[in-house]
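Think of it as A, B, C and D in the order they're written, each chain with its own count starting at 1.
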Amino acid sequence: MKGMTIIVKNVTALLSGLIFLYGCYIVLHGHLTPGGGFAGGIIIAGSFILLVIANGIQYFRLNKEKEESSLFEGAGIFCFLLLATGGLFLAVPVFFKNLLPGGTPGELLSAGIIPVYNIFIGIEVAAALLSIFLAFVIFKTED
Amino acid sequence: MNELISNILIGIGLAFSFFGCLGLIRLPDIYNRLQSATKCVTLGACCILLSLVIRYGFNDIGIKALIAIPILFFTSTSGAHALLKGSHISGFKMWEKSVTDHYSDDTLGKEEETTEKT
Amino acid sequence: MRAINVLIYFLICFATWLLLTHNLGWQNLVAGSVISLLTTLVFSRYFNFDVTKMINPVRWFWMIIYIIYFIWQCVKANFDVAYRVLHPAMPIKPGIVRVNLTLQGSLARTILANSITMTPGTIAVDIIDDILYVHWIYVRYLDHDRYAYRISGKFERILKKIFE
Amino acid sequence: MMEWIDFSFWFLIALTALCLLRVILGPTVADRVVAIDIMGIIVVGICVLLAIRTGRSFLIDIGIAWIILSFIGTLTMAKYLERRKLNE
């Protein structure tokens, strides 16, 4: 039997979705509470790592998804740089210029462009950590 | 009144955590240590979370603590289960005064077969 | 069956989001529905439990009874452990015993094993086919029927009413 | 009232010191892993006590994140103790 016992498998199947949701919560509320893109990205990657640890790698054929996650990583860092330099081209010459208007404090859309930066940092960190983990796992089988 | 109840719950939580850590120090082998520590410390943390719910009521902070209770329960119990199985497979001896061990009676032969195949 | 599972998963995610943020503004609702949709798209394929049975309110009644009984057992377990730790002679007699399960269904077995981990003196080691191995801190009897009733008898009876 | 919470805070920190004693003394690897697992749950209690003391809700966020990451670490160590590779 592959993987760990049925108890651990069921608990991870129940909890991994909630962990993903929690990571998204930390990413989106990065400008209101501590946390932000990096911490939330690590938790998002943790939800996938938990599934791989509990079920084994044959459970969802991750060989293909490794390419996808490195693609996500590249796209995330590219959008981050694009946003950072976009302000440079559009408005006064300031790196990381806050383009968008601010809202009322305490709401979700109240910090201009900072939540967008947080989302892209989150995608980038999650994809990078996941691809590092999968690189360890997959290269261990090929030797 | 609410503050009194929550203070009492904090006291119960502290006492249970203390018993768990004392068991972690005193008991003889890894399996018994895992028993006492997991049960007592998990219930202690749950008591402290409940005291927060009682003190602040069902606003944002209380409901967040209420969400944390089932997550803590499921993760700590299944983590203890996985650790126990792992340390048994890894071959740490049970205490010498242990009575029975049906698990190694049943699985020892099978383990050898599978290792021979691979 | 499959569509109902996905719908229930979406509702669970959305409710968790609302409880976590505790805010009913329109921005929060839109963000919550988008995130819940994303979570459902990625993770609902791992949520393949039979949840259509759980719509029956009788099962919810038994679940409340189960939770109350479980909390009582849990408190008893902690006093039991405290007694064994604080006693100067440490009255323990550990051993691993096997218990035959009559309960079917993987989710019910998971909840049973997690409950056994929190009840007096027992912790689940492994499930192989229909046998649950349990580490017991004080082995009172070696007769199978008696200790099986003591370890998992009442839990199994209530869980059968919930899940079957 | 606040003195009681301060006292319980320092008490839990003393309990983590007890767990550290088991980490130092522990004869086998599994003892050390168990002690660190228990220490994670006690740290959650410390976070909640700080949340009671200050009335801020983000400290419970830190507690939940700690539970999740400690669960991942425990499963990984259990897999190491089972002498399996990470991918099966």
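In this section, a contact is a pair of C-beta atoms (placed from the backbone, for glycine too) under 8 Å apart; a residue touches a chain by one contact, two chains touch by 3 or more.
Just so it is clear, the structure is predicted and the values come from calculations on it, not from any experiment.
Between the CA-based centres of chain B and chain C the separation comes to 14 Å, rounded to the whole angstrom.
Spacing of chain A relative to chain D, judged by their CA centroids, is 25 angstrom.
Centre-to-centre spacing of chain B and chain D amounts to 11 Å, using the average Cα coordinate of each chain. Residue positions 16, 20-21, 113-114, 124, 126 of chain C are each in touch with at least two other chains. Touching of two or more other chains is recorded for residues 57, 61, 64, 68, 71, 75, 78-79, 82 of chain D. Along chain A, residues 4-5, 7-8, 11, 14, 18, 22 each make contact with two or more other chains.
The touch graph of the protein chains shown belongs to none of the named shapes.
Taken together, the chains touch in the following pairs: A-B, A-C, A-D, B-C, B-D.
In the complex of the two chains, the chain A residues touching chain B come out as 4-5, 7-8, 11, 14-15, 18. Note for the complex: chain D touches chain A at residues 57-58, 61-62, 64-65, 68-69, 71-72, 75-76, 78-79, 82, 85-88. The part of chain A that touches chain C in the complex is made up of residues 5-7, 10-11, 13-14, 16-18, 20-22, 24-25, 28-29, 47, 51, 107-109. In the complex of the two chains, the chain B residues touching chain C come out as 15-16, 19-20, 22-23, 26-29, 31-32, 34-36, 38-40, 42-43, 59-60, 63-64, 66-67, 73-74, 77-78, 80-81, 84-85, 88, 94-95, 97-104, 106-107. Those residues of chain C that touch chain B in the complex are listed here as 16, 19-22, 74-75, 77-78, 81-82, 84-86, 90, 92-98, 113-114, 117-118, 121, 123-126, 128, 131, 133, 135, 137, 139, 142.
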